[in-house]
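Below you'll find the structures, each written out as structure tokens.
Here chain A shows up in two complexes: once beside chain B, once beside chain C.
Showing the complex of A and B:
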């Protein structure tokens, strides 16, 4: 008895992990940027599966619409032939694989050993909770929203000031 | 119905891939990719815990804030990469040592 959402989940696992591996290991870095966009899309599909449609649409809009496109433009701006071969050497690669494997193994063992996470009495009925999000954002979490607006404005201003080309030599 | 642990395992694997990229890669763009992957793994955890263990939508609200912060952070990092490329003609992070003492 296989549910459609189960199939979607396993397909999206392949998309997310495959996109992440392609982002880090592809030969051309621009293909890596596209793989990263696919990984973001898979995460958005996971949000849909988790009954969070608003977050999923926000993820598509901001990550795929803004961040992935920004990364693509930057890759095209700074792309060059000789920076493809950033091979870390065998020792560095082994160290990276060992670190990541140790971290993943400890996390996975901890998750599998936890009693509460594996109990069957979870999965609360959680309807369409857009109203809750609205009440939270306009109510108790409103100061965070204000500070976040300031941070966004400051970071965009800083990015523009950093990347601005000085043209003092021209009239 | 997919159990909660499956989502947690997926996000652990995604986080480990990000850590692997941060440790091994020298290219600044690949480091940006790794950081974004790790942020996504954390967001999956937030939404999964909110869906399975709590009734309210606080986790989803936090993820909304987190996505906006990640966008701001990506803008600043990419501006720094562009400036470093303009100065050094390279984005290999082991070549950028102007601030090294």
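Showing the complex of A and C:
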């Protein structure tokens, strides 16, 4: 019997790949942005199916709530999308398809070759959950978190500085 | 459009065609749903129909049993009681009428009066019938696919938010382990929807309303999230059920008054209710990003907005007002719905008394004041926990 999770998996695969194709191929650029958002949503659903709700929820929050909004916001201002007109030629398209196929093949081979996925036993420690990750981050791995926070703060400051310089340039 | 019908035979042909189309649509809808019900929920509709003819009482028994046994219980929860039907009826049919009467009484007006004899209780049904019969006009230059898709997307977001509302210890639809973050993930989808609605309408006012909605929602999402983190710190749980269960002895509004205020204001801004209704702004933007929507598309917007209103008020109740906890003779769901009703009344109050604020006031308030207050609130929560003044379950 076909399981409900199997059906969900295949539907979501179609959503992810269809969204990605729409993001690249659609003539109207805003459909591309929406396709990208759908693709992200499908990936989030796949994470839910894999029983990783934390990653799934942050996939939605960050990629759709922030990245897709940003892209849409930018795209709104260039409705005609003239700068997208020069499409790659036949050789370019062929090269792209071949590269993608080779990448997919190598990924599939790597997954098949890895022992962790083939073994049926649980490879993660039993108490591996959100609390464990939190303890790791606040305990032994704390310096990494601090460094990441510094990098983020620096990038935000840089963005603010760039925006400010832009404004002063205007008469 | 269809040809004008002149002869009787043409009329008969039209009727037969219509019946065939209806039968086809019904068959397409009913046969898959029959098998889905049979396969996943153990409900055999054919057998049920036979039972109904021979012994009507047994059908009532069967209906009662669906609310108790496992596979059908989740279906019942999702579709009926804490789920969609209840929320739609409670938040639109009842709450819109309450809102109109409540605001009218405060402003010393009368409010709806004529439909339904007693205080105009059937005004909403009259409005619904009007909306159903109005033509849905799609502007010529609008982007038709997005234009039609947006109300459905808004409905989807509202329904997903609704599934996270914990009405009682057993009557809940979904209890994901990361429910608190999921609330914010779902709220984060709504600016996209507002922006797309404004853009697809191809109308200046709509686009302006969509851009305002985007700015407002993004600005108020962040203080909302940070004020909810205080609750998460106190309850040591990311699931909404866990947050409610941590309040069995003391409600978080007493420990986190600042967080409750920030969360409340941010909810008002997320819902675009007065005084934060700049994206709609009846008098200047003529309903903002909803300008071009008429008839039932507007009806779907209203339904989705009010379901979201109910869901966010319910989430406020779960975070700060102790969820379903209350004196025991009444069932837990009663206490939850009562508290949600009071929260919704409190959210209607500004509509009666406050004017709309300007966009610069709104953005400054969101990015600076509310943000600072929510951080102060978070530090208070951290102090309570780290000084050992508070353990999960009591002071």
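As a convention for this text, the second predicted complex is superposed on the first by the 135 of 171 C-alpha atoms of A that agree within 3 Å, B and C clash if a C-alpha of one lies under 4 Å from a C-alpha of the other, contacts with A are read in each partner's own complex, and residues count from 1 in each chain.
The criterion applied here is as follows: a residue touches a chain if its C-beta (ideal position, glycine included) is under 8 Å from a C-beta of that chain, and two chains touch if they have at least 3 such contacts.
Just so you know, these numbers come straight off a predicted model, no measurement behind them.
> In the superposed model, does chain B or chain C contact more residues of chain A?
So, of the two partners, B touches more residues of chain A.
> Output check: A:76 vs chain B and chain C. Expected answer is one of first, second, both, neither. What do you get?
Touch status of A:76: second partner only.
> By the touch definition at the top of the document, which applies to A:64: first (chain B), second (chain C), both, or neither?
second
> Once chain A of both complexes is superposed, is A:37 in touch with chain B (first), chain C (second), both, or neither?
After superposition on chain A, A:37 lies in contact with chain C alone.
> Applying the touch criterion given at the start, work out whether A:111 contacts chain B, chain C, both or neither, answering first, second, both or neither.
A:111: touches chain B, not chain C.
> Is A:54 contacted by the first partner chain B, the second partner chain C, both or neither?
Touch partners of A:54: chain B and chain C.
> Can you list the residues of chain A that meet both chain B and chain C?
On chain A, the residues that contact chain B in one structure and chain C in the other are 54, 58, 66.
> Could you pull out which chain A residues touch chain C in their complex?
Residue list for chain A touching chain C: 4, 30, 34, 37, 53-54, 57-58, 60-61, 64-66, 68-69, 72-73, 76, 130.
> Considering only the defined contacts, which chain B positions touch chain A in the complex?
The contact residues of chain B facing chain A are 1-10, 12-21, 23-27, 29-30, 32-34, 36-37, 40, 43-44, 47-48, 50-58, 60-61, 63-65, 67-76, 78-83, 85, 89-92.
> For a test of understanding, state which residues of chain C touch chain A in their complex under the given definition.
40, 143, 146, 176-178, 181-182, 184-186, 188-189, 191-192, 195-196, 199, 207, 214, 218, 221, 238
> Okay, in this complex, where on chain A does chain B touch?
3, 5-6, 9, 13, 16-17, 20-21, 23-24, 29, 32-33, 36, 39-40, 43, 46-47, 49-52, 54-55, 58-59, 62-63, 66-67, 70-71, 74-75, 77-78, 80, 83, 86, 88, 92-93, 95-97, 99-101, 103-104, 107-108, 111-112, 117-118, 122-124, 126, 129, 132-133, 136-137, 141, 144-145, 148, 151-152, 155-156, 158-160, 162-163
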